[in-house]
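Here chain A shows up in two complexes: once beside chain B, once beside chain C.
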Partner chain A sequence: MQGWFSGLTLARKQAVWAWVFLAVPLAFFTLVRFWPALDAFALSLSRWNLVGPRKYVGLANYERMAADPVFWQVLGNTFEYLLLGLPASLLLAFLVAFHLDRIQTGQGLLRALYFLPHLTTATAMAWVWRWFYQPPPVGLLNAWLTALGFAQQPFLRSTTQALPAVLVPAIWAALGFQVVIFMAGLKAIPRSYYEAAEIDGAGSWQILREITLPLLLPSLVFLFITTSIGLLRIFDLVYNITAGGEGGPLNATKPLVLSIYQSAFGRMDMGYASAQTVVLFVILLALSLLQMRLLRSRP
Partner chain B sequence: MKIIRPGRIAAFTVLFLGGLVMITPLLFMLATSLKTGGEVYELAFLPREPTLDNYLEILTHSRFGRWFAVSLTVATISTLSVLFFDSLIGYTLAKFRFRGRGIVFVAILSTLMIPTEMLVIPWYVMAKSMGWLDTMWGIMFPGMMSGFGVFLMRQFFLGVPDELIDAARIDGLNEFQIFWQVALPLVAPALSALAIFAFLGNWTAFLWPLIVTTSPGLYTVPVGLASLSGEFQTDWEMIMTGASIATIPTLLVFIVLQRNIINGIMLTGLKG
Partner chain C sequence: MASVTLRGIRKDFGRTQVIKGIDLAIEDKEFVVFVGPSGCGKSTLLRLIAGLEDATAGDILIGGRTVNTVAPKDRNIAMVFQNYALYPPMTVARNLGFGLRAARLPAAEIDRRVNEAAAMLGLETLLARRPGELSGGQRQRVAMGRALVRDPQVFLFDEPLSNLDAQLRNQVRTEIKKLHQQIRTTAIYVTHDQVEAMTLADRIVLLRDGRIEQVGTPTDLFERPANRFVAGFIGSPAMNFFPARLDGAEIVLPWMRLPCPPFATAPTDGRITLGIRPEDFLAGTDTHAVPEACRFEAQVGVVEPMGSESLLVINAAGTDIQVRLIGRAFPQTGSTLGFAVNPAELHVFDAATGNTLRR
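Up next, the complex of A and B:
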């Protein structure tokens, strides 16, 4: 063995070492990533309750999905999280980062205050917010509203308020991450650009529009995509903030991942659940392709 | 002389108030965990007589201590595995020249496109057939390596000069020794960033541990917290104590490693 190896050229030896180092990882990525992903596609074409035999049913699961009003409601909820949450959180994060970037004293402390919620466990924070949203006399927000002379609100118990009520802690928890990324992007813009613009007599709006925002584009694209993916995959918070993981009154807050979880592990309907995961995969893939396009087309 | 403009003071004040709003939920959680049951419904923020009784109660009369141990074990082992394998893979892809290198890199990178939600059902089937359901290994096995870590480590190993590696070869070190003793110490900042991400990711992971465990003795902290739904239904001071126990470790980690965490996020944001 030793003799065989020492007879090899340096390049050959390197190749042998490389494949030795990669053997276990390749087995891992094949068995725990690629094979399960293919299996998910295969399952989406089957009917299976985990115990009996798997039965191939073609596109039946997808047809069922198309005819299922709850699925469309769930998909609508998922995009409602996205369409409300994405602009709100990016605008808020940009405003905070933009002003934080210009502060000289106490910047680190302030940034830490904004960042801390990002490190919390969604499950734990779901409980805190669930407590805030309780009806009186328990809920803090209703107690404050009463004290200030406003009407009490049903929050999580209302079909219209529940989804935004879940979205608030989601935005709250992600804000710190977005602020840090925006600040890194802002710091990377050379000071001399601003100075040159000021000498040319550009106003602060003009500087923002023509220097800051274009140069911040890579950070913006990165956050646009990561935030979208996070919102489309929302689960932990919704599961824990609504009693028993049901997804709110009349499914008002139920996102796609919760629906997948309930199909698979509540009703043991593995085929239908897998078909929904394929839908999620396609949406996320489209987003990733969009990111690549946006980054490639930038001047 | 530094000129302090009124606009700056206003901006600072608004940002500071916003920051206070940001940590208000955390402060209420901690303050309530120090209250007695009767005080919860009062509006006062601070407890009249702060007490650690809730913590004693929850650690002795519930499985919280056990869940904490499970979470810590799972997160530690997974993190060590991710650090070792991801840096080994990243190093191999950055510093070895061999046929198939590009394909392996793209293949591992493409796993980032596969959402966990799509894999949990096949993982469950796999764990069931292997007898891994309701075991710690069952919780850990999907996270032993990560495509993200491979990408991060490869980027950093690309910056390690080839001359150093060639010199180590001439000194008679074998390829594993070169990786372990020469290259790895040079990417310590990336390792610490990856360690923090991997640990926090495991500490807060919810979906897969929720699926794979059924006996309460094997819950992680997040899954245990979710199960309190039935047990302490209206004991909000106890629930806030549980939430605090889940949160305090990550807050401590942040206080100690603040710079590494912020820099790590900036790194991934810029390299991503």
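Up next, the complex of A and C:
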């Protein structure tokens, strides 16, 4: 052993040591992450209640899913979170970062304030917002609406307003992180581009469209993907903000992950939960592949 | 085409004074170079003219019009930046046309002017590329082209050659000079390289620490430096300086007494700094051309042969002297040899103030 190792070149020795160190986390990861994940595929073809024996049922879980109106509603909700939340969230973050980048005094403090919600636990935040949305006299928002002479709103109790109402704190929570990423991207653009454009007489719209946004593309793609994944996996906020963790009136706010959770740990239907997990996995995988494509095709 | 006039220009960044009062008149069609050591305020002065910075005090006139409150785009200037500032996502053609698009010119006119500038700079084959796909020299030319298409009244250059290697720099320098002779637009060019300044300038403005040390043609600055700083900055290798004393009509050095040039006025205390350029020494039989009093003996310390010339460090009475000899022959290290000073090329400065004593 000693002789074998000392016979290697320096580069090989370093490689051997690197593999020795990497093997430990790799084994751990395989055990606690990859294996259960792979097992989920097998599980999605079975029926299992967590304690009894596993029974192979073929594609029965998927057939059941396709025929389940609640599944389709939940999938629709998930994409509604994505399609409403993504543009709103990125636009808002860009506007904040863009203007924050222009001010000199208090920039650090303001950025820290925007970042703060990112450090808060979703559960605590959910409960605070849940209180905001309560009907009067408890709810803050309705109290304000009344004070300003507007009609009261049902918010979480309405099938149409509940989902956007859940989305607002989700966007607010993600804002800090996105602002920080956007600001880093903006700061990386050399000042001389703006100065050259100023001398060239470009208006702010031309500068934004032809210089700032193209140079911000890497940050934009990164946030596009991370935000999408975050929205597609939305769970703890919904679970805590809706009464009893049920997913809103008539499942109005229920996202896919909450549905998976309920199938698995509410009804002990591990096979059905796994089948839904596989669907989510496929969506996330497609999105990640899209990201790699977008980043690579960049000039 | 326009003149540029600076009147009492001052610029502070917070509490630091960077430009400390500058008056300067640049004529129409002139090529003026701002030169000086790093941090002397060259870029700041250029950016003030461009309108990228606001002057703390004073007036800037372009073409006779005060432009203090005029936006950069309305000053009718074009600027070439040190890092070129080419917009990375755009092709060369779109980079060149950026300013014209901003001015909302018709597309046909933009195309015509872009192609014209591209032809002038030999960029025709590069129009479809992006800046990332160009070499340093090509980028530099695109940056020049972008300035050219705007057909400005004044060109501003901020160290446009500093990112190029030495060989390319010489080549592009020549191109810039040719270009200026062709289009004859007023140009202000910033550099810290005195060779660039000497070769390009109609007039050099030598700056130090936010003030003008001397303004003049390259020949003026080389032959009649106003003070010791200018004398030391212009010329390479740099001028030798020796502490000396004025005794009647003679300059007293530790190893010789030289006849004082007639154009010098005596300082009050007689203490002077004598400046002699390395190329104003003679050696061997060449020394017979000058009067006896200008000759001295020295030991040859270091010899650096450079082909058509050689650089020596010689030692006379304990003082090291830089000497440049033209010609292929060069003396042996360690030998003692006769040298002489060309008496017509002495520079005499007041030891206390550093100012020239030339009348």
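By our rule, the second predicted complex is superposed on the first by the 280 of 299 C-alpha atoms of A that agree within 3 Å, B and C clash if a C-alpha of one lies under 4 Å from a C-alpha of the other, contacts with A are read in each partner's own complex, and residues count from 1 in each chain.
Here is the rule we use: contacts are C-beta pairs under 8 Å (C-beta built on N, C-alpha and C of every residue); 3 or more make two chains touch, one makes a residue touch a chain.
Just so it is clear, the model here is predicted, and its values are computed rather than measured.
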Clash-or-fit label for the pair chain B, chain C on chain A: fit
Partner chain(s) touched by A:Tyr193 [first = chain B, second = chain C, both, neither]: second
Which of chain B and chain C A:Asp39 touches, first, second, both or neither: first
Partner chain(s) touched by A:Phe281 [first = chain B, second = chain C, both, neither]: first
Which partner reaches more residues of chain A (counting touched residues only), chain B or chain C: B
Touching partner for A:Phe132 - first (chain B), second (chain C), both, neither: first
Angular separation of chain B and chain C about chain A, which is computed from CA centres of the superposed model and rounded to the nearest 10 °: 80
Contacts of A:Ala23 with chain B and chain C, given as first, second, both or neither: neither
Partner chain(s) touched by A:Pro214 [first = chain B, second = chain C, both, neither]: second
Touching partner for A:Ala66 - first (chain B), second (chain C), both, neither: neither
Which superposed partner A:Leu8 touches (first chain B, second chain C, both, neither): neither
Lowest C-alpha to C-alpha distance for chain C against chain B (Å): 5
Doubly contacted residues of chain A, that is, touched by chain B and again by chain C: none
Residues of chain C touching chain A in the complex: 50-52, 71-74, 77-79, 81-83, 85, 87-90, 98-99, 101-103, 130, 132, 146, 150
Complex contacts: residues of chain A adjacent to chain B: 11, 14-15, 17-19, 21-22, 24-26, 28-29, 32-37, 39-40, 43, 50, 96, 99-100, 102-103, 106, 108, 110-117, 119-125, 127-129, 131-132, 137-138, 140, 143, 147, 169, 172, 175-177, 180-181, 183-185, 188, 219, 222, 226, 233, 235-236, 239-240, 243-245, 257, 260-261, 264-265, 270, 273-274, 277-278, 280-281, 284-285, 288
Footprint of chain C on chain A - complex, ascending: 190, 192-193, 195-203, 206, 210-211, 214-215, 217, 299
Footprint of chain A on chain B - complex, ascending: 8, 11-12, 14-16, 18-20, 22-23, 25-26, 28-29, 32, 40-41, 43, 85, 88-89, 91-92, 96-99, 101, 104, 107-108, 111, 113-115, 117-126, 128, 141-142, 144-145, 147, 175-176, 179, 200, 203-204, 206-207, 210-211, 221-223, 225-226, 228-229, 234, 236, 239-240, 242-244, 246-247, 250-251, 253-254, 258, 261-262, 265-266, 269-270, 272
